[in-house]
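Can you read through this structure? Questions will come right after.
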């Protein structure tokens, strides 16, 4: 018998079932072992997919429809619970394969530490890489209580790997004194508290460069995304995040990979967080994958 | 025995118990059979009434109190579950009676399809009718998967009935490619993404005309109204919706009917959605019913 | 115009709109000012009505349907917020009217203190009155921190009024040392922890007597009724409460009034508490009102 | 690249990725258009899969592990929203394929109407079929407000198809007077209110016969399964439902298909309903698929 | 044995355990007996402390860390339930002691009436006192249904005590006609609907003066703080409230006490309200306590 | 100034503020880093204390009041997030101090792994120790995915330390095949699925012996305790757990320490889980501490 094509909650809406012809590959990273406050983001990828069922296929912002774009949803990676190091290896291996196949990796988190192995792989392929980072937190710690594999650290690692001057941070409004000083003095393009305006100023200088975009959903105000572990007052609206995504889409940068992390559905019985996240994924697919 | 006057949860706060002397008539339309994503708006009208108990009687925006205005709350219409066609007939008949009695119908939804029979009746009485439509979605489909009675279609029907150039849409940010093209090319006064500013620009040209106002609560951002079936990121604040209502109130248009639809309480354990909706009803009563 | 008959959330399902011909009168008492732990029962009556929409009309337990019984829903009494004494007066006056009209009062709470004025009125008419009380708490305090009008006191007042030996308590599992001693020594028919079996033993001796039944929803285990202010582990199932109601219905006692109190919907996003409560009301209507 | 095997939220835990060698096939039916009270079961199958991640592989009740059994998860069928007739056709076609391939269909609902096309297909293959039905409701209506395709009707249709004397109902505690009379007089083996004991009495007479098992999760008490549309007080515990499943497993009947329906996650922020449902599926897989 | 220092949920993060050397004293006032709509703020202080565990110690807005500031958390005052008058006496006595010891009182509510005894004590010590009041409601009633001790009255009492011209109100958007007239005509510096801009205009004239800051969390929009009893659409964002706090911190006024009231956690399963409140407390500690 | 005695949410109700004269010491262990499914129990201890405010002081089951017993609440231990090994050391050191001071340790979890260091310390003092373990899960794994410090392992470690024949397990209904075999073959007194009856059979043989009681709240059915990470259908009622505690209290065993773990409040917006847990703590204090 010809088997049915799964849809609700199983794959991101309108995913192709043909890996070979797809330009982008969605994959989930259900890991939240290193978070410091409220865990639960391991269930984020599944709920973003579930919420995607409610999306229109067409983006009026970009005048493009996801039915005109081929992307594959690989499901969630099988990560060994509680073993962060091994989980990162599995992520790295998967993303390496996606990149080798000439496709754009589209990650769904999970905690933000999952971005670290992805950046390492993307950087191997694109040594000229720049990172656009949207977050409430610096994520610039060297370690957390002595543990270097923490969700507080991925951007520090990334900055040290690709050079701070290739990292652009937006919307940051929380961090330790040490993180903040590093952000200000290391050469990072650091734009705390605000997002859309400084982004638009920075983008022209990045035209043509390979860029990795990583969005921690907590860059949004708690009102717009309560379903995340460490929500921070004073954030931006979902409208401003859409504006940022659209600015990147129209900027001429070459987005070579992106992710959206830290959706923790249990804190949000309204489901607005996965719903908002699924729309951001649609807009990034349509805006970043040519 | 003289029976007590009911209050909590039963009628909108400060409703008169005298139909004859009332200028406006509130009625609920507990119907949600045609929604495509998350159903539940049939419980909206009851919860808006319940939330109204927490309202002050006085509007400092309009310097007027609902104790100085007589309106009647007719309760919810008795709609046959699952039978959309017959339900619309019942709504039409009721609204016809209200209009015949020279009163202003104030509808509480329920899914947006309920607005269709209301507009038909209002249009019969006011052939010069214009519609002000606030929504996240175009609601301009010809049908939904072949079904013409869908909550995706009421404004299309309305546009075809009264002429697209008499329809004004604000805040729209989701639709199919076809809907969007229709919105842009049919002659509709189409203002996607934004609300208060274009509304203020359009209002002068409508002065003196009969106007029907229909608000889908999802015109608000998910942060302000999570309790609705198909919430869309990038919406307006409740402050901007108040600004829009007040602009209409002060504009010199003749509001001959209005509704607020798609409150689905189950998605919002905080109850902020019916609470916000009840305030909008108060402001519309005070601003639109002279 | 002939006005429509309201239904959803406004009145208990299948209520008659003819007070005169009704045998029982439902009324809400939205009062919760004297509770000591988690307030919110003022919203109970409205939500019990809302939940009643989901009920079948027919009871397979009693082989009788609510369409074959006429009862009127008077809505909620208009109680002055925060003024317990005056609120009780209003309740008393209303119930007196219902009794004078030869009808059975069916109260929806609200906190348990609302039962006190009802019992006073019922006792005036039926000096031979017995009370069947189902609750997790004794409600036998003389006062609470010096205040005699407290939701901890109604049964004490009732016992002193009609004589402890005319009070039957079931399911009690919480109280102060003083309450407990009073319950055991005053002559009350006191059956702590258990419900159905002792009830069946007591009922034969009550045959033919006028009886008032008062159910605090917290007699149920927290698992069956989380939406109440002071939930107590170790309670009975909803099945056992149904069994108790049916035993009374079949016993030959003359139920002259009844109530169900302390539903506080905000603690129960599942809505199971008002749903269960609405079924108990249906069964009591069918079983107690001949 | 070799693609990863999806896991969390995508497929039922420990599903095989080899259809051909699987003995049973799990499939979701995300349909809830005909429900009369609280809709939302379309999201049930996805959440049951998500919850299955928390299951142990081993059943201590049956001393068997799901790693020792091969079953395939086909995902959710793609049903046209709002079109019940066409949805049932799609379900029928899929189940026919599964049966033709000699496998056992394991359905996840969705509203109970989805069981109707399944039974038709199973009956074609097994004319000697008996049905074991566990539910709070009779589901024996001929139609609902004139509509024959309603979630209140599937067992009536089934009884008329295979003969009432081949239908066994357990735990029923709600229905219309007409349904109840039909249940009692048609020849159905009708066991209202209770489950495990009458089931054990009936099973010996069914030994060796092909049996279809259909469980509406609302057979459980609201306390054990609040996440369903029409929850009914007075139900059984999850322990008793496990006991019933194990009794069937040990009885010698030949289970040729089964389903579990009506999980509506939005009403249950505790997630206990999909968690309980996923355990029942595990036990039925282990107990029914040899 | 040396006892451990408690942390989670017990004290505000980084509190000193040395009262003597602390400059500020946090204390909870778990009282909500006089609220008119949705009660529950008695649990606010405990949940604000619990949420504080998720805060960074460092404020990037003020470039200062709470580890560099000594403050003591005295826990919640033991208030006699239901006795407003006596509760206010206990609060007064406690605050008097804090002020006598030369420390800054930092109150956590509880309903807004708790601010009244605090202001009386602060005024005794600082006869030149000004009050900065951030709220959705005027709180200027003379009484509520005849009761002068109501959460609708504290600012009226305060205005009469210290003179209306020493009261500054921001963000107000709800009140009775009488309240509003009083606010406009009494000499209060009344800035309805808006916050940050008028505050910045007023602050220079207050430089050097002793100021008490009282924040009702409902000055925020419902989207940002759903967990409060009487939420009002049209409020400000948490970003604007931060801006207000920082403007005060930089203004040269002498903050001699402050509080944050009306957090009612039960209405907010997302926990965003106590999380936002805890950040505001951190910023006020860092900005106001030199 | 004499500081006020904290109460709400800060300490378990009626705790003494005198460590020296207390017979028992309550302490929280806010650790949940090793859980495999749904984390969040780190917030359990604080919420159990908060819920305790709603408790009566008197136990009618045991006819004793907590005001007649002196116990101290030490708050939560300060555990280094994410470092399980060091956290266990801190717990061990604290419990050693409590035992050295001749007091009974009363632990609030947190995940079940916290029981392991406690048992080690208790066993040092009482080499004749027996353990009574109430749980849905065996917790008998040697390791979890290679990690020996997992919440699946504490009872295995305990059994190996004190000898399997000194371990008594009740209510277990989930585990791996290996765990189950170990439970059955190692000499553990293993009573799967059931609790009260086998406990009563075992207790006489334990009279006079030092016993440690450890309760995982998930021994309760999901209906009675949804707020826990890994809830399992088929559990016992809160009434049966009370019965078990009372049986131990009356048995003549010498309870030298006890704990209650795995309350994870975020999964239970009804708050029934911490409410039930706080009652169990009251009963154990009254029943076990002489």
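For reference, chains read A, B, C, D, E and F in written order, and residue numbers begin at 1 within each chain.
Just so we're on the same page, a contact is a pair of C-beta atoms (placed from the backbone, for glycine too) under 8 Å apart; a residue touches a chain by one contact, two chains touch by 3 or more.
What you see is a predicted model; the values in this text were computed from it and never measured.
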Check your understanding: Both chain C and chain D are touched by which chains?
Key -> B, F
Check your understanding: If you take the chains that touch chain D and keep only those that also touch chain E, what is left?
Key -> A, B, C, F
Exercise for review: Using mean Cα positions as chain centres, tell me which chain lies farthest from chain B.
Suggested key: F
Point to revise | Most distant chain from chain A by Cα centroid | key: C
Exercise for review: With contacts defined as at the top, give the pair, B-C or A-B, that has more of them.
Suggested key: B-C
Exercise for review: Answer with same or different: of all residue numbers used at the interface between chain D and chain F, are over half used by both copies?
Suggested key: different
Point to revise | Rotation in the CA alignment of chain A with chain D, degrees, nearest 5 | key: 180
Point to revise | A-D, D-F or E-F - pair sharing over half of the C-D contact pairs | key: D-F
Check your understanding: Quick one: chain A and chain F, Cα centre-to-centre, how many Å?
Key -> 40
**Study point:** Separation of mean Cα positions, chain C and chain A [Å, integer]
**Key:** 54
Check your understanding: Can you give the whole-Å distance between the Cα centres of chain B and chain E?
Key -> 37
Check your understanding: Counting only residues that touch at least 2 other chains, which ones in chain A make the list?
Key -> 36, 38, 221, 223-224, 267, 269-270
Review point. Each pair of chains that touch: what are they?
Key: A-B, A-D, A-E, A-F, B-C, B-D, B-E, C-D, C-E, C-F, D-F, E-F
Check your understanding: Within the complex, which stretch of chain B touches chain A?
Key -> 36-38, 172-177, 180, 192, 221-224, 226-227, 230-235, 267-270
Point to revise | Interfacial residue positions of chain E with respect to chain A in the complex | key: 53-54, 56-58, 60-61, 63, 65, 221, 223-224, 237-239, 241-242, 269-272, 275-276, 279-280
Point to revise | In the complex with chain B, residue positions of chain D that touch it | key: 32-34, 36, 38-40, 80-83, 144-147, 150, 266-267, 269
Review point. Okay, in this complex, where on chain B does chain C touch?
Key: 1-11, 19, 27-28, 30, 42-43, 45-47, 49-50, 74-78, 94, 97-98, 100-101, 269
